[in-house]
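Take a look at the structure below.
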Amino acid sequence: MPKCLSARLPWFEEMTPEEILGQLKQKIGDAITQSEVKGIEVRLTVKPEQSWEVCRLVRDIGFEYLNCISGADWMTHLEVVYDLSSLQHLNKVHLRVPVDRDNSVVRTVTDIWRGANWHERECYDLFGVRFDGHPDLRRILLPEDWVGYPLRKDYTDERLVPYTEYGMEEKLAKAEGEKAAPKDAKSLQPPAPAKPATA
Amino acid sequence: MIPLSHYLILGGIIFSLGVFGALTRRNAIAILMSIELMLNGVNLNFIAFARYLPQTMLQGQVFAIFVITVAAAEAVVGLAIVLGLYRNFKTVNVDEINLMKW
Amino acid sequence: MAADYAYVGFFLVVGVLFVILNIEVLSRIIRPHNPNPQKLTTYECGEEPIGIGWIRFHVRYYLYALVYIVFAVETVFLFPWAIVFRELGMFAFLEMMVFIGILLVGLAYAWKKGALEWA
Amino acid sequence: MMTFASLVERFYAAMAAWGIPWIVPTLIVMVIVVSVVLAYISVAAMFMIWWERKISAHIQVRYGPMRVGGWHGWAQSIADGIKLLLKEDLIPAGADKVVFVLAPMVVFGATVAAYVTIPWAPGLIVRDLNIGILYMVSISSLVVVGIIMAGWSSNNKYATLGALRSAAQAVSYEVPLVLSLLGPVMIAGTMSMGKLVEAQSGRWFGVLPGWFVFPQIVAFLIYFTCALAECNRLPFDIPEAESELVAGFHVEYSGMRFAMFFLAEYANMFVVSAIATTVFLGGWHGPWIPLPGLPREVAHGLFGLVWFQVKCYFLIFVMMWLRWTLARLRVDQLMAFAWKVLLPISFANLIVTGLVLVLGKQALLYVGGIAILLLAAILLAARPAARTVRVGERT
Amino acid sequence: MDRPIPIGTTVVMERTGETMEEMYVNMGPQHPSTHGVLRLMLKLDGEYIIDCIPYIGYLHRCHEKIGENRNYTQIIPYTDRLDYLASMSMNFGYVLAVERLMGQKIPERAEYMRVILAELQRIASHLIWLGTFGLDLGNFTIFMYCFREREMILDLFESVTGQRLNYSFYRIGGMPMDFPETFLTDCQVFLTWFKPRLPEYDAIMTDNILFQKRVQGVGISPPQVAVDYGLSGPMLRACGIKWDLRRNDPYSIYDRFEFDIPVFDTCDVWARYMVRRKEMEESVKIVEQALAQLPPGEVMAKMPKTIKPPAGQIYSRAESPRGEIGFYIISDGSPKPYRYKVRSPAYVNLSALPEMLKGCLVADCVAVLGSVDIVLGEVDR
Amino acid sequence: MTLKLGIFYFLAAFTVWAAAVVVLGKNIVRAAVALIFGFCGMAALYVLLDAEFLAAVQVLIYVGGITILLLFAIMLTSRIGATTARVVNDQVILSAMAAVGLLVGLIYASTSGIPAMSGPPRLPETTPFLGRALLTTYALPFEAVSVLLLAAMVGAIILARKE
């Protein structure tokens, strides 16, 4: 049993994020469409076709720890976001892969990090991003027979109650009541909630 | 005093039932169960004789102990054989196992 | 002797009758009885049961029972021996030691062969 | 003579004098005896349930039942009983109904039958069977059969697993249990429970009470361990491990059917404690003084009754104490413990006891017993035991 | 690692054919030891687990969708319900993320308050874990012991926040109010009571040979596997990897305290147990130091009435009792997050469960599941 | 002695009924359960014959051991859920004839071939006697039994654990 992980992983020299970015660009520069260094974090935008290669490269240069895979819906396109870090230094990599909304397919990274399995399932479940080569791509949080991908911005559901700001309902009721039947309005109103005590 | 023949007849009935079961049941475990019944019928006879013929110095009971021992050994090995059969043939129905037939 | 065992039979019968009295008579009068298919399903942690509960089991259960029978038969011989061995002296003792010794060989064999292992 | 037996004799004589056939008084006596025993079982089991709740509560720095019945919730068990009586009884649709219904009867009937030969006090024993110990052992194997029936008939995976575990566990612990009981039988030269108690009336070296626990300390420890396993008590409660198998073999039983299992479990605890008391702890022996105004026999009997109960309930208390202190074993560890630890030790005990008895040097029993104890301790300690990393140790 | 891992029972099955027919058993959602409504489908061979498929989502509450429709302050009460056994840590992680996004500094005293509460919360959470873990292994008594101490912590929290479970006490930019006057002494009293209790737990659990036998060599996840799955918190530290965000990615004021990161390298349930057991001691140390250093002053920074972080995104992580709680927030400059995502430690840790369970016995299943320390509120979100 | 006779008839009927279920029952597990009751009835009959020790042994070995082994084997091999259409083979008629013929012969033999006997009113305690007999007169078979058991155990382990 290795006492420390460094026995297995290629020892990663303490590098600045700029150096990491430079190295990445040198090796697989054509896949990176956009890059930025923010603090200790290297932020990359990567072509979807080459996302897997970039992920493996990033893993191989020391970012062996997959924090999170999340999705985001930018209306024009979807985005799969990989947050990677290392257990040996503080640098992080923030990898964004824009994918097409209608035909959203990304190659799975479960063969790089087994832990990606559930993250990708969740992303599929909530955003409908299909991960090519995923061993078990099923819905995970929602029931198997759920229709639609709820975290997309255009997701609608008749069961979804639109949210109104605090106090909005009373205001609306008041406005309506004043217009239609000013006498009954007061009885319709719920008792005003007690103001929370503040320090 | 219950006549000795009562016990002997009862033993005979149970033995015959066991014989019938051993001859007819398809399940090998059921056959083993029937054989246990037969041995029990025999034991009943032994013990009845031991009770009614005290001059035999309880030989019947001693024999019954040995019979029970043998029955236990038979059950242990017999069931192990049944398990072996099951492993090879995926069944314990003896009429489907025709290894020795040609 | 046999009269003593009349009590055993009587106790057994009364024990069973007690259960019947409680379940089928006393409780039946006062308890509700309205089953429905949902209630009558087999419990499997709130999910529909997968398959039946009567499933095949592993041979290791069988091996324990097997070794047990051999030793249970041995105790059958040990009890009469335990009562009389003092009057029969050293010979009876040695006899039983041989008996136990042979069986212990069997135990050692079972141990060695892993019949006593769970795995 | 005012003993129990003489009372029965008088009753028989009176009935005979009235010209009533012998069968009638016999039946009357039987019914009375069985009623008393059943009443004792019910009350004792209910008491034990309440007691266990109180003990567990006090071990766990809480009070336990406090509401029902006033003083420390003494009526809690009765309330529970009534609740169970009122509960709907469900038999799962997939179950084998005949076997399902039969199972609690087998378990409870066998448990009740075990009370036939418990020696409560001098002369107070339902029937002193000549094969007493063997009878106890064999009747308790019926309980196991009942448990398998219950588990199998439920057609439930947890129940079936529980039943199989229970059977495997019971057969594994039966052998060392029987072997450990053989030591005292060898010393006393009898299997009858009454005579076993009488054989312990003397004194070892004129100081210690003549209980068999002293020369047979190893056997006693083995017996008690196996008894825990036979009763499915923690740490051997894997057949009904609630965190794994939910409730094991009685998962599908509800209402009064479950109550019968529950009652039988506690009644069984008393049985195994009574065996231990009889065989190892000197049964009803104990210091007693003749009470003024009472015949000697009656006073002796009363003290004996009390002593027997005290010893039994002490053992039951230990069982409860263990249950609320220890964690549960795993099934493979359980089996390995029975076959690889208990069985060799009990054989060693048997052989040493026999040798000493044949040589006729009773005092050596102690030496032998202590030697086996030490040997067992050394062997246990020297086993490739689990690495024990103590708190504070850093890696 | 004393008990050899039984070589794939599936191999045995192939050899002997149908004799060992595997069976499927549902464990959960209605099961005493799945710690909530988790459903595990176990594929068994006799008592050995061949495979395990977790089904989650019974407690899914659309946390992220709701988050997108609330403003930043309104989300705080929802984070309580993530890990309802460590609400303070959840609050902490969330407000930390928003403050990092805004570049907001908060007053010293508030930082200390946060640390004290979070570490007390860690103790409480580990206590409840220890109790239920004992329960899983058949030891009921430790459960009651742990709850006794946890109640005391809850009393402390109640005196501060008025709540016993879902505190919602952290605010973006500080804390809503100061400690009550009695808190410091109460907290000291609690700590002096609590420290001798830990050896008591040892007596009933750690030093018990039965307990050791149940947990040692069970549910092994080698370091490679642990990193591969992205395990975090005590699960990772039980694999010999000294990784704790409080030390390795210091946030708040954790770099000011002396404390150890307990690490064990046996990778089994025992190691996870020991790590958590030791962590309680370390948390006590931190609380003691923080109480001693607690500076006077304001507890709330000057904040705008409506919190509108600048457009941008952040993945912020903090060490909750269960591991790395990460919040991924995309802000578009409006009062509501454009995207709000929670990376919950238990979710990730649970995903490695099938790997750890293979070849275990059914009885080990509860021990391993217990050692993962899941909270379904956090898994299902 | 009519009471005793009545008990005998009751036990005999019970045992024969259980044996019949064992032989004719469709469900193999129920047959095994019936076998348990049959063994118990048999043990009670042994008690009637003053063989208490053997009765206890019967319960201990047969009920506590062999039937549990049988049940294990059943659970190992049979699909209990699947209802088998046939439990008997093609030779039912022939076997029944053989069994009935055997029965008739046995009854004939037990009623006519044996003189009416009546044993002593009560046997002494049999256990010490058995012990003496086993250790002296039957010492050789007694030792042979241990070898038999050893052989059975070894053989069964080999057969059951074929790997």
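Order of writing sets the labels: A, B, C, D, E and F. Residues in every chain begin at 1.
The rule is short, and it goes like this: a contact is a pair of C-beta atoms (placed from the backbone, for glycine too) under 8 Å apart; a residue touches a chain by one contact, two chains touch by 3 or more.
A quick note: this is a predicted structure, and the numbers were derived from the prediction, not measured.
Between B-F and C-F, more contacting C-beta pairs join the chains of B-F. Ranked by distance of CA centroids from chain D, the top chain is A.
Look at where the CA atoms of chain A average out and do the same for chain F: the two points lie 71 Å apart. Separating the CA-averaged centres of chain C and chain D is a span of 15 Å. Centre-to-centre, using mean CA coordinates, chain A is 22 Å away from chain E. With centres set at the average Cα position, the gap from chain A to chain D is 62 Å.
Taken residue by residue, chain C touches two or more other chains at 1, 5, 8, 44-45, 49, 51-52, 54-59, 61-62, 65-70, 72-73, 75-77, 79, 82-85, 96, 100, 118-119, whereas all remaining positions touch fewer.
Residue positions 16, 19, 23, 25, 31, 47, 240, 265-266, 361 of chain E are each in touch with at least two other chains. The residues of chain B that reach two or more other chains are 65, 68-69, 72-73, 75-76, 79-80, 83, 86-87, listed in rising order. Residues of chain C that touch chain F in their complex: 1-2, 5, 8-9, 51-52, 54-59, 61-63, 65-70, 72-77, 79-85, 88, 91-92, 95-96, 98-100, 102-103, 105-106, 109-110, 113-115.
If you check the complex, the residues on chain F that touch chain B are 1, 4-5, 8, 12, 15-16, 19-20, 22-24, 28, 31-32, 35, 38-39, 42, 45-46, 48-51, 53-54, 57-58, 61-62, 65-66, 69-70, 73-74, 76-78, 84, 86-92, 94-96, 98-100, 102-103, 106-107, 109-111, 114, 116-121, 123, 126, 129-130, 133-134, 137-138, 141, 145, 148-149, 151-153, 155-157, 159-160, 162.
Put simply, chain F touches chain D in their complex at residues 3, 27, 29-30, 33, 36, 40, 52-53, 56-57, 59-60, 63-65, 67-68, 71-72, 75, 125, 127.
Across the interface of their complex, chain A is touched by residues 1, 56-57, 60, 62, 64-65, 68-70, 176-178, 222-225, 227-231, 240-243, 248-249, 265-267, 315, 317, 324, 326, 328, 330, 338-339, 341, 343, 347-348, 350-352, 355, 380-381 of chain E. Across the interface of their complex, chain C is touched by residues 4, 44, 47-48, 50, 52-53, 55, 57, 60-61, 64-66, 68-69, 72-73, 75-77, 79-81, 122-123, 125, 127-128, 130-132, 134-136, 139, 142-143, 145-147, 149-150, 152-154, 156-158, 160-161 of chain F.
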